[in-house]
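Chain lettering (A, B and C) follows the sequence in which the chains are written, and residue indices restart at 1 in each chain.
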Amino acid sequence: MSATPFTRRKFLISTAAAASSAWFLAACSGGEAETPAAAPQSPSQVPQADIDAAMNTETTLTFWTWVPDIQNEVKLFTTKYPKIKVNVTNVGQGAPHYQKLRTAIQSGQGAPDVAQVEFQYINSFTLGEGNLLDLTPYAPPALKDSYPEWVWSQVNTNGGLWGIPQDTGPMGLLYREDLLQQAGIEPPKTYEDFAAAAQTYRTKNPDSYLVNVAPSQAGQMIAYMWQAGVRPFTFDGQQTVKVDLASEQAKSVVKFWGDLVTSGTASNDTDFNDSWYQGLANGKYATLPIAAWGPVFLQGTAGKTSGKWRATDLPQWDPSTLVSSNWGGSTDAVLKLSKNQIAASQLALFINTDKESALKFANEQFLFPAMKEILTDPSFLNQEFKFYGGQKVNEKFAQISETVGTDFQWLPFMDFVYTNFTETLGKAFADKTDAVAGLQAWQDACAKYAKDQGFTVA
Amino acid sequence: MTDAIPGKHRPAVVAAEGFPVLVERDRDQEAQAERRRPRKPTSWLLTVFMLICVGYFLFPLFWLVVASTKSNDDLFSSFGLWFADFNLVENIQTVLTFQDGVFIRWAVNSVIYAVVSAVGASFLATAAGYGFAKYQFPGSVALFSITLGAIMIPLAALTVPTYLLFAEAGLTDTYWAIILPSLATPFGVFLMRVYAADAVDDALIEAGRVDGVGELRIFFTIALRLLLPGSVTVLLFTLVATWNNYFLPLIMLNSADKFPLTVGLALWQSAAAGGGGAQALFSTVITGSLLAIIPLVIAFLFLQRYWQSGLATGGVKT
Amino acid sequence: MSTLVNAAPEVASTTPRRSRLTAAKRRQYGAAYVLVMPFFIIFVAMVVVPLFYAGYLSFYKERLIGGTSFVGFQNYADALTDPLFLSGIFRMAIFLVVQVPIMIALALFFALAIDSGMMKLAKFSRLAIFVPYAVPGVVATLMWGYLYGRDFGPFAQLSRALGFGPPPFFTENGMLFSIMNIVNWEFIGYNMIIIYAALRSLPSELYEAARVDGASEPRVAWSIKIPAVRPALLLTVIFSVIGTFQLFNEPKLMYPLAPNVIGTAWSPNLYAYNIAFVNQDANYAAALAFLLGIVIMIVSYIVQLSNQRKERRS
């Protein structure tokens, strides 16, 4: 699919449905219309002629990403643009990847053209002079409409478009239907129900827990806060940040989980290691609050529990609404110091917005899609997962994706925030001490770090 | 460390300095000593106790072997120290073909880094050690002290600056980024200095000079042969250190095709542990680990025979 | 260096060659430089230059907002009052006082046992104990991490079968023991080989007399062999001191298993690494590393000093 009809089609749709909030009606799957006339462009747009010229020049791009098998999507790109060669490198997952990226940027040597950057790290790369290329001039002007509002607000911040969304992680609850049934529990709809259910479950199952609270998983705890309406971070793109982790709302979220841990109702095992996987495989945890990338991941590690799991919404604080949050999700961003800005931006755009490529991500690598088009695609939605007893899990998470709260911002130094979590709030969970005190310690450490680094803390 | 040990005995060669010499007394002396030694009773208590200790050292490796024969699912559901379904062949196949056989690439890299660094470091240390030992040239004390002091420098002080300097020179993410830093072994120079002081008798050097042989030729033709056992020691320890090095390649390298086995395995391990599109790679990591340690273990076995061959310390009577 | 060997050149070189002293010596010095320089060039480039650069960095501070500025000794002052750094040093001191003596004592015992000739399968034992040294830290930590597992590790399974709870490998104090164990496992063999080689080079005349007098093997070992290999022991102790304070691999690789116990500053080296790469603060990391180096030098010096005093007394 070439860039031009896409641009035009989206432009036409966006003009027609400008104020529509029913986004799932606005997105339409189906063939592209071939309209021959040249698209009118906003003044900052890079002219199509320049783009065509760049895509027809021999270029080699370096792409750092840890998505497995991404070669398949990149191949679609290089087949379309044979003059562009792409070197895909996995320099590590998560923290090591960012460390390498930062050191490469600092030394000016060896940085890639395109890099995978998760939502929460974007701000850390747009700090000061900024290391990411503003993709607004390179992207189709109506790109915004391809995404749910909350997704767009993650990448379009402080006056620029900093990455093309690739996948997201709306939060849901996976649970063992058989274990809950055995204990006579219904999947809890509110947190109050959840606490009661955890208690009941525990009395009936001395070797097992309803849920685990991981003491080193800042991302998950932040997602819980996000769901409860907490907005602990702001960053104005310049020098001012707000660090408000210890608000009353946040405290109540943290107290909830802390109480479960201190009373022994919830376990406090470190997650994402052998022990934890074995726990999942052996029925130690009856539920798993996790993001949309969780279902497939679970299949790989808990194979022998196939057919016993189901997916549903997270419990709610307010029974009258259905709200969720996000944990994880990546974009592909272009580095400012790339010498091939046009080609790089087209790579980022293509693999994440081209329908075939995006569907591949969703159906083959099981990345939960960011684009509305894929979120509503029948081939994606209608998949029945045997592992989940035939449930259409994608459909469930697509529904959840609509309920993710908007306006969540990130600090430009999340590396520090995440690591410090493990020493403060996470440690409280691990040691079964006062979680609210741990939260305050986390807040204080982050605020201090911000001040030490020269930020104005609001 | 250089104070002479008074009177009580005259230890052979450089063992007085107490460092790992790959030299044993020559065969004749050895045999004589054996014959003169009275038969000692075998203590079964000691033997059994030692075998228990040996068990402690070997049992994690045993676990590794057992775990390598299991599939991913079995790993999590069967008893750790005994076998389940035998899956070793498939595991090995997966390791060797996963990600287009990058494991083999990593193994080749490990070999290249380790061998080149070991040979290079050994040679440089031998030359420098000999130079320090046999020549009291101006500045030798100062330079040697600096070398000794360097042994105590924590690596953490050096890696980031080294990385930044390498980046300036455009050398990061290259083979040189690993090999060059590994070529400087202050410890090796220290070893060789002590070794050379006794292994190469000054009389030999003088004889060479009298014959009109140039200093460097003396080194290459006479001394080197005598220094060989010491050089092999330095080679062995550098080999192991470079093969097992995790920190340096972690910092310096970005492209997976240049990683050594250590970094590669750690990468797979963290991929297995991570979320979001992650794959369950445990059986691959475990089997890969087993394959990764086999070369060094074999090298140890091979070199052990070399130790036991009872090398002479040259033509000088002790 | 044994005095006997050194005596000869002194006599040989000075007297007859007085007239050609300068020229010959110059030639020799020239050769010496050629021999030493290749090592030194690499050494300077790879060790000295980064060291100076690190020193330079340690006097500056870079902030996310505001860039780099000169701060004199501020980083050092901060480090000396940094509870994370100090607790790391303290933890390593405990390590030193507990783990190193155990490791060296065991290495010594094994070396003596194998050298004694009183056991079967000595060669096999020697190799088996040494083999863990061939195992990279990544693999060693992987193996032990699994073995320590709370739910499915064999120790836990065993203790559960006996009716107890799982052994506390990952608690605050338990972690100390767990890592000590891994380090012991990895390095006892290495230290054993050093001591063993020293033992093998002892001339048997040394203890023939004692044996003839009827001394038992353990007695011989205690009174004769051990003092004779004192230099080897000193060497292993010094290198263990250095190694202990530089501990990095094991805590770093254990972190995913118990992130709350290890944290960012379990060992000073790990702390410096995290400061450099997570906090993006190469300057503070440089100051930390220098201070660590100074601590190492002080402790090594103390060890050597006490050894010299003991030797003088004996």
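Keep this in mind: a residue touches a chain if its C-beta (ideal position, glycine included) is under 8 Å from a C-beta of that chain, and two chains touch if they have at least 3 such contacts.
Only a predicted model underlies this, so the values are computations on that prediction, with no experimental measurement involved.
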{"item": "Pair exhibiting more inter-chain C-beta contacts, B-C or A-B", "value": "B-C"}
{"item": "Label of the chain whose CA centroid is most distant from the centroid of chain B", "value": "A"}
{"item": "Inter-chain centre distance, chain A versus chain B - centres from mean C-alpha coordinates, in Å", "value": "44"}
{"item": "Rounded Å distance between chain B and chain C, as computed from the means of their C-alpha atoms", "value": "15"}
{"item": "Set of chain A residues in contact with two or more other chains", "value": "103, 272-274, 278, 282"}
{"item": "For chain B, residues contacting two or more additional chains", "value": "76, 160, 164, 270, 273"}
{"item": "Multi-partner residues of chain C (at least 2 other chains)", "value": "146, 149, 152, 256, 277"}
{"item": "Parts of chain B lying in touch with chain C, wherever the complex brings them together", "value": "1-4, 9-25, 33, 36-38, 40-43, 46-47, 50-51, 53-54, 56-58, 60-61, 63-64, 67, 76, 79-81, 124-125, 127-128, 130-132, 134-135, 137-138, 140, 143, 146-147, 149-162, 164-165, 180-181, 183-184, 186, 189, 194, 197-198, 201-203, 205-206, 209, 214-216, 219, 240, 243-244, 246-247, 261-262, 265-266, 269-270, 273, 285-286, 289, 292-293, 296-297, 299-301, 304"}
{"item": "List of chain C residues in touch with chain A within their complex", "value": "63-66, 145-146, 149-152, 256-261, 263-264, 274, 277-280"}
{"item": "Chain B contact footprint on chain C (complex, rising order)", "value": "1-6, 8-9, 12-13, 24, 27-36, 38-40, 42-43, 45-51, 53-54, 57, 106, 110, 113-114, 116-121, 123-125, 127-140, 142-144, 146-147, 149, 152-154, 157, 185, 188-189, 193-194, 197-198, 200-206, 208, 211, 217, 228-235, 242, 245-246, 248-249, 253, 256, 268-269, 272-273, 276-277, 282, 285-286, 288-290, 292-293, 296-297, 300, 311"}
{"item": "Of all residues in chain B, those that touch chain A in their complex", "value": "72-73, 76-77, 160, 163-164, 167-168, 170, 172-173, 250-251, 254-256, 267, 270-271, 273-280, 282"}
{"item": "Chain B-touching residues of chain A, taken from the complex the two chains share", "value": "64, 66-68, 89-94, 96, 100, 103-104, 106-110, 167, 169, 272-274, 277-278, 281-282, 290-291, 293-294, 296-297, 300-301, 303-304, 328, 330, 365-367"}
